[in-house]
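The structure is given below, and queries will be raised subsequently.
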């Protein structure tokens, strides 16, 4: 047993930490306030190799592993959860399935562009009637000559406003449920795809969440990702990795809340002394730190399992469940430690509070994670 | 243009640094060790020299085993080669001892230019650069904020009290760099992967033809005897005045009556 | 080895700079304790009345070294001259001012003559017959005590404003010895010294420093500080963000990656008080802070903290200072 990170993992962590501290942190609250997509930061992340961490070097990626990815995600999320969401979708939900299921020409066409950050991707699974029950999706795909024709509406698609690549899940066979679903790679310029409403959200305000409309959208026959009917398998295996990334995002948000709380508790004086001297505050901080450490260890373990090529569905769910609830807990305690100032936008804990919540919802709600974990034990 | 850069590994000063209860040093447990801030600038400058004039960049570090990571960071930024001098006999060496070791190491390398950081952010000594120049018998300039090389001569600028000096220094020479000289690049992930595959050459004192008695604790002319936390400043009065005028009056009164500078 | 204490003078236009007087003040005390002489060393060309003035500030002897190659500082010429006379005369302690040239020269001189060297010195004393120095380390989160080994010569590079300056007494004289030296042509050539044309007191020597941070919002607002500084006879400095944003040049910067200052009063305006900033100014005797955030960490170290908007308070303060001065 060895809990130490390897030298290259520590370097990745340090580089991500330095970049996040110097380039992201100073602008994070402004990005949030102005609902602005951090285009320049994304370019910077791409230069570091963070837009395609696990993409092999031959496809223009960094050729690193899930452990490197979660270490970097935590650092980015500590500075700005929106940026972390953008990063996570591109890495886990777009590059990863293309790498795992894509044909050689697909990998050559998409991965270098995505890993270099010249373009980003998005992931279109959720529909108005199909959220937690994604297998009930209704978007259809049918073959017409050399093209697939897609029809339907996707919602809550992160990055859609900025994306070039859309991973779209559609029903290609009449069967209901998981079996008849296929995955497609759609480009922004393919006819019939458009971005609809951009949602107004509680948090993650610097990243876009949009409706995606497919109206007789024609994509080349070769843009099927994986085998026909295999789409739900693609979606689920993608989510194993995605959830590990979200767990890391949650750890980052929680750590931000803890760090801000510690600094504030030392400085803020009431009743003639720093509030850090009150046991009530100390206990909050101790609980935050303990849960964060546990969440990080669960996350790293899940990442490590995935790097070993081992099955990690339950472990990824545990990490995501525990880390996201930790983020919510830590942000909640953070606001409390800040008192009235915690409720005011001049201080960042208010943003952490809003950003933390999404980690309990997307890529499977906490209820769904519990379901996955329990199913693993009971099945 | 072959450039040698001396680098040191230091604790990140963003974190709390605590003195050990026995006063014999700082608590090392839990410290985050990083490449010295100014050395990042030195490595960056070396890479820029290489980009402009060709040649190689070699980074050299004297330090314990953990310090390989600082070398690895420099390799990940783009340095070509790395040499790590570690030897238990260097425990307790002073800065002149370290400079001597660096000088003997660098003598074994090809170099037209040697760069160091202006200081290391752990002990802030700024001794090693000029001492190294002395041992190598080379001209020097410290805390330079600009470097231009042509025809074997370096034009450098350094900040002095009230102005900027412009110097012409024949190469080879030793320069220590100020942070304003450049904006260091971040080590990229592909760079980290490449660095991982590079071998770091490790040398001991014997490989350099040095005896512990020449550079180790025995040779040290200064010795740290104690470390203390800094004296606590008493927090004074913090007031929220009713008006800017009142705030101004309070400060002026303080300057006159307490500080007596009016 | 000897028991003399040497002070290498920093001077301009034939007069010693303030730090030289501070070194003479401390040097006097150490020389008396050691039973040696206090020797001032003046290098330059021409030196004019400097040797005599150094005597008036308490030097028992002055070594006066004039040579055209010493007109402006050069590492090679200074090291050559100083190492020659140090070797020849074997002082116990050589005090060097922590100036750009002092920091450039002292380590090289130490390496050449094989002397122990300590930089950033804030205290010097003798304990059990051994010279001790104290210096800040690790962003001033730690104070290190260093002991010099052996009988000397010992080199100490001393920070400005930590020792009280020697008093001038007219009529007090020193033995002035003119030292003839051979100085080779330095390999390094000083092309020019561009002066940063700002009529202001030197930051490290000023009695009062007015310093601005990110709270100033833009370069134009430093005029508010200039106006206040003019009334106070103060120097203007800054935290790092104004430097990084290009509002003020790097020589304004105070802190870990800038200058260390210890004025009588440090007025921090729109500065939060990050540890890296405190590293450069928490040796000040008094700290006054103006900040709109009641929880800003600067208030933890401030002798007087005023919570409020700097844009309203600073102009009023300038007026108030002017008024008090007019009252006499």
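Should a chain be cited, it is by its letter among A, B and C, assigned in written order, with residues numbered from 1 in that chain.
Note that a residue touches a chain if its C-beta (ideal position, glycine included) is under 8 Å from a C-beta of that chain, and two chains touch if they have at least 3 such contacts.
Every value quoted in this text rests on a predicted model; they were computed, and no experiment measured them.
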Centroid check, CA-based, most central chain -> B
Quick note, more Cb pairs in contact for A-C or A-B? It is A-B
In whole angstrom, the CA-centroid distance of subunit B from subunit C equals 21
Distance between the CA centroids of subunit A and subunit C (whole Å) is 53
When centres are defined as mean Cα positions, the distance from subunit A to subunit B in whole Å is 38
Flagged in subunit C as touching 2+ other chains are 300
Subunit C residues touching subunit A in their complex are 295-297, 300
Subunit A residues touching subunit C in their complex are 264, 267-268, 341
So, in the complex, the side of subunit A touching subunit B is made of residues 7-8, 10-12, 14-15, 18-19, 47-50, 53, 57, 62-64, 68
Interface with subunit A, subunit B side, in the complex: residues 32, 34, 68-69, 72-73, 76, 186-190, 192-193, 195-196
Subunit B residues touching subunit C in their complex are 11, 13, 16-19, 26, 37, 94-96, 99, 121-131, 133-135, 139-143, 145, 155, 158-170, 173, 178-180, 220-231, 233, 235-241, 244-245, 247-252, 254-256, 258-259, 261-262
